[in-house]
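There are two complexes below, and they share chain A, which is joined by chain B in the first and by chain C in the second.
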Partner chain A sequence: MGVPVNLKDMLIVTRFDYRNLVRSGPGVIFLVVYLFVVVQLGAISIDLIPFGAKESPMCKLPDDSAPTKVKDKLQRNIPPFSNVSPEAWRFLECERPVVMSVFFLIALFVVPFLVLLLSFNQVAGYLHRKSIRYILPKTGRLELYLGLFLSNLKFFTIVSGAVTAAVTLGWLIVGRNLEFGTVLLFSARIFAALWLSAVPLIAFMSMMAAMVGKPTGTFFLGVGFYLAVDIIGGLMSRQSQYAKVFFYVLPLEAKYWFAYPSLGHFLGAAVLMVCYTAAYLAIGWAFLRRRNV
Partner chain B sequence: MTDDLKQAEEELRKAQEKLAEAQKKAQQTQQKAQAGVKPKPKAKKKKGTLAIDVQGLRFSYGNLEILKGFDLKVAQGETLGFVGPNGAGKTTSFSVIAGFLMPNKGEVKVLGHSPWDTANLKGKLSVLPQDAQLIANVGIHGQLVFFAELLGYSGKEADEEALRVLELVGLADHVKKFPGHLSHGMAKRTGLAQAFIGSPDVVLLDEPTAGLDPFAAKQIRDLIASMRGERTVVVSSHNLAEIQDICTDVALIHQGQIIKHGDIDSFTEKDNQLRVQIRGGVPPVPFFQSIETSGGVRDVQYEPHLGWMTVNLLPDAPPADEVIKMIVGKVFELGLSLGEIQRGTSLEDVFMQLTGHPGQAGPAGYGPPGGYGSHGPPGGYGGRGGPPR
Partner chain C sequence: MYRPGGLTALAVINFVIAGLLGLGLLGLVIVLAGTGERPKGVTEGYLYVRAFFLFGDVALLVLAGIGYLKMKRGLGRWLGSAEAVYSLVFFGYVLIFTLGEGHPFMFSTLQQLIYPGITLVLLNWVFRENLVN
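Moving on, here comes the complex of A and B:
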């Protein structure tokens, strides 16, 4: 049985759309916002890193001290710190450079949302402008659909990789009291976690685009749904443990598993992200394959 | 007497000019043929699988039924003109045949495959969609290279193919332009260029010359004409003269159904009808009667406001050239002059009649049925007032 998708065509679409994306409005907006947010975070963390070394003094403070109380309050109530279990937080705080951990948690909170800015236009732009009609007689819908998904992923990977590398370099230069290997490995883990958290959201926007067919509609519905799940899910989960299930419509909760110390948690989260991605892509494909274009 | 002689000489001179013009046209056609632009042939239809086979096609947008169940068979090698009024369903039909829209009912096959079967139709079917926009952020050359790569061209070949088709549509000097910098006509020509990449067997062109300047339009018409017999080309256009000029067959769609489909000669009754424009006065009734009673003539109609006389021929009529010769002789005998001579009616007239549009209806004219009416010379004009004829 052959592969049901023409991989060569898919990669041609990816290569072409990447060129399109780099110059497109969503591509440029994503780049600007991403660079602004992540570089700002990176710059702050680089400034602070000498004070947030591994085995930070925070770990050694007594439980009834004022800073510990503030920290506990933060961990209980304020996302993204409240999204992480005490076990994960202890790992991030005491076994890894704490400033990097804070960067990690905030990036994990913000970056997947920024991905929505990038990927709302991937299929919807071609559908809305009907440019898809030039392409379809030359290749299949599946090749186009997956090719566009991959081009967004490629763009995110390159931007995210470059920014993480730059921030890591800053950490290494400034945080001389940190172990080189620890910083490098933790950076790799941060990048992998951010990347794995972003993939399903690119697929989610692919699905929304295939369903809606218009860039603005896709953007507002996608972002609106994301925020609704985040806010309503957050509120509901305070009322009932079962309501937390609502969170799992999107990979909002699962992404924090990447912060756990164990490899098992990380791999579990990675598998879950792959499942989310596959599910979104499959639903989107079910719409696009028979959609009038 | 001298005046009559002068008039006769003048008529003779004009007739000679017309003959010379006809000879010139024939010569031009021959030159075009030598230059690779094929003269309009009898459609060289290939046997075997139909290029397009549509059966019982129905399509609706919500409750609005656009296509109401039509059949269409297009043989390979046919150049089909797809005509119809606005909103008749031309673009929707194109979109269904191209695989952009899913029919509600019915079956569509292109070269024996579903239009959604891209794997089997890749490189065989190409489409110029009417309202598609080019991809905004990549230059036109880059886009054509992309399309060529999807059709199996690699690297340098794709680049050369993109340049070839840009040259073909007259955009060789605009290779580096982005869609945002193109005029409407240039964007249309880029769309056409992508339809000519490779050597597709079936080419669907939805209004290919709409919005083009006369020079570019002619270039595109010549290009389509050059494909006659080699590829199946379906052209949708509101320019009926253009369709008559380049197509071998015509399908007329009206209110979601194909109401007439056939080769263009039968469509325009080329062998069944002659139209002669008489100038210099209104011929008397006996003139029409004498033509009507000639061998092979079924009936005669006359439109006095434009001077057009329509002669409908019987199937066993003598060759049209002989009938023309007879009519010309009679016109000159009356001392009148000739305007144009057409074999068959124009596609525009057929279109007007079949779609029920108030077309070139003018004052009533001579001719049965209805006989000799109340207007005009004694003995009467009547009959042909306008469609439906």
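Moving on, here comes the complex of A and C:
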């Protein structure tokens, strides 16, 4: 049985909350932190382009050479590089501009965490301030819940799109030895991967907000859970291959599928991200619909 | 009048940056007093100008932060915007000096433009209606 959603009401909530989000504490803090981190990362990668050239010089070395062995050891032990398979790493290192690839992997590692800073205040802010009772007579709970999720998504899309465009422009200006089409297509892929890996985490914070009902509690619980899964999952997966399943509570492992060369991996990861988003939103909705507001 | 959370966040960020710049200023004062080691290839005159700029920036950041909290038009919006422009001028000076010394331009230095840029946009567009006292 489907749940009817009033799209018009939902979009009104999105527009209203988006205006508030830009003026809110989480919105401003996210804007400053995101721009500092990602622009700095992008700027460093632009500075390195003249040295990084088109591909890593390591690509041309034989597999049994000493530098290749050291590099492989580093790649196995340093996150976020250890999160991709040797096959994916070889593709990123040898068939794509290596500096852009390094930016891609570090951004995949960092950006989903930064999204948590933005999205903890969604429905929790309204619940905590008790202002939700004045909104609900005019708007349904589901429209409010989805509308707030969409406003966060809109804000993230605009900020990350602008930053990726600026960094791409830098790559194009500095990387004269790089092919224009390759840079543009790879940038589009980076943006799509970052966006798709952030969407489930916005939904995850929607769920936490609906469950906890207080912004501070949502923030600490959400960030704490994320770090716990990341750290404990990372430690456990070193002990046993089966323990990697623990990682799949959050889309921590699956986001690195975006780095694989094949389109099948990319689409598979995209479908998985949609499934995560739907699952988190559904669990959150199950809590919110019964909540006494 | 209700103060938006973003304005409070902006004030806190101002105080944090002022604190960090204050530490940098303290380091410069130690160098200029002769007790610390001076970085190579940097003249004493440049360090004095830098210390002067840093002192002004710290003072402006703190005053503007107070203005944000009190939602003042003069102390908040105008002084905050002046601080952002001051930071941009400071950045321009450091950039000219660095390039003049023969160092290559690094894109990572553009990071220093982020906060002044955000401040100018937020104060004069997003929070314009709130900074009216």
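Convention: the second predicted complex is superposed on the first by the 281 of 293 C-alpha atoms of A that agree within 3 Å, B and C clash if a C-alpha of one lies under 4 Å from a C-alpha of the other, contacts with A are read in each partner's own complex, and residues count from 1 in each chain.
To be clear about the criterion, a contact is a pair of C-beta atoms (placed from the backbone, for glycine too) under 8 Å apart; a residue touches a chain by one contact, two chains touch by 3 or more.
Predicted, not measured: the structure shown is a model, and the values here were computed from it.
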item	value
Contacts of A:Phe16 with chain B and chain C, given as first, second, both or neither	first
Partner chain in contact with A:Arg176 - chain B first, chain C second, else both or neither	neither
Chain B versus chain C as contact partner of A:Lys60, first or second or both or neither	neither
Partner chain(s) touched by A:Ile46 [first = chain B, second = chain C, both, neither]	second
Partner contacting more residues of chain A (chain B vs chain C)	B
Which superposed partner A:Ser24 touches (first chain B, second chain C, both, neither)	both
Contacts of A:Phe36 with chain B and chain C, given as first, second, both or neither	second
Touched partner set for A:Arg129, first chain B, second chain C, both or neither	first
Chain B/chain C common contact set on chain A	22-24
Contacting residues of chain B [partner chain A, same complex]	95, 98-102, 118-119, 121-123, 125-127, 129, 131-138, 142-143, 146-147, 149-151, 191, 194
Touching residues on chain C, where the partner in the complex is chain A	4-10, 13, 106-111, 114-115, 118, 122, 126-127, 130
Sites on chain A touched by chain C in the complex	22-29, 31-32, 35-36, 39-40, 43-44, 46-47, 170, 174
In the complex with chain B, residue positions of chain A that touch it	6, 9, 12-13, 16, 19-24, 126, 129-141, 290, 292-293
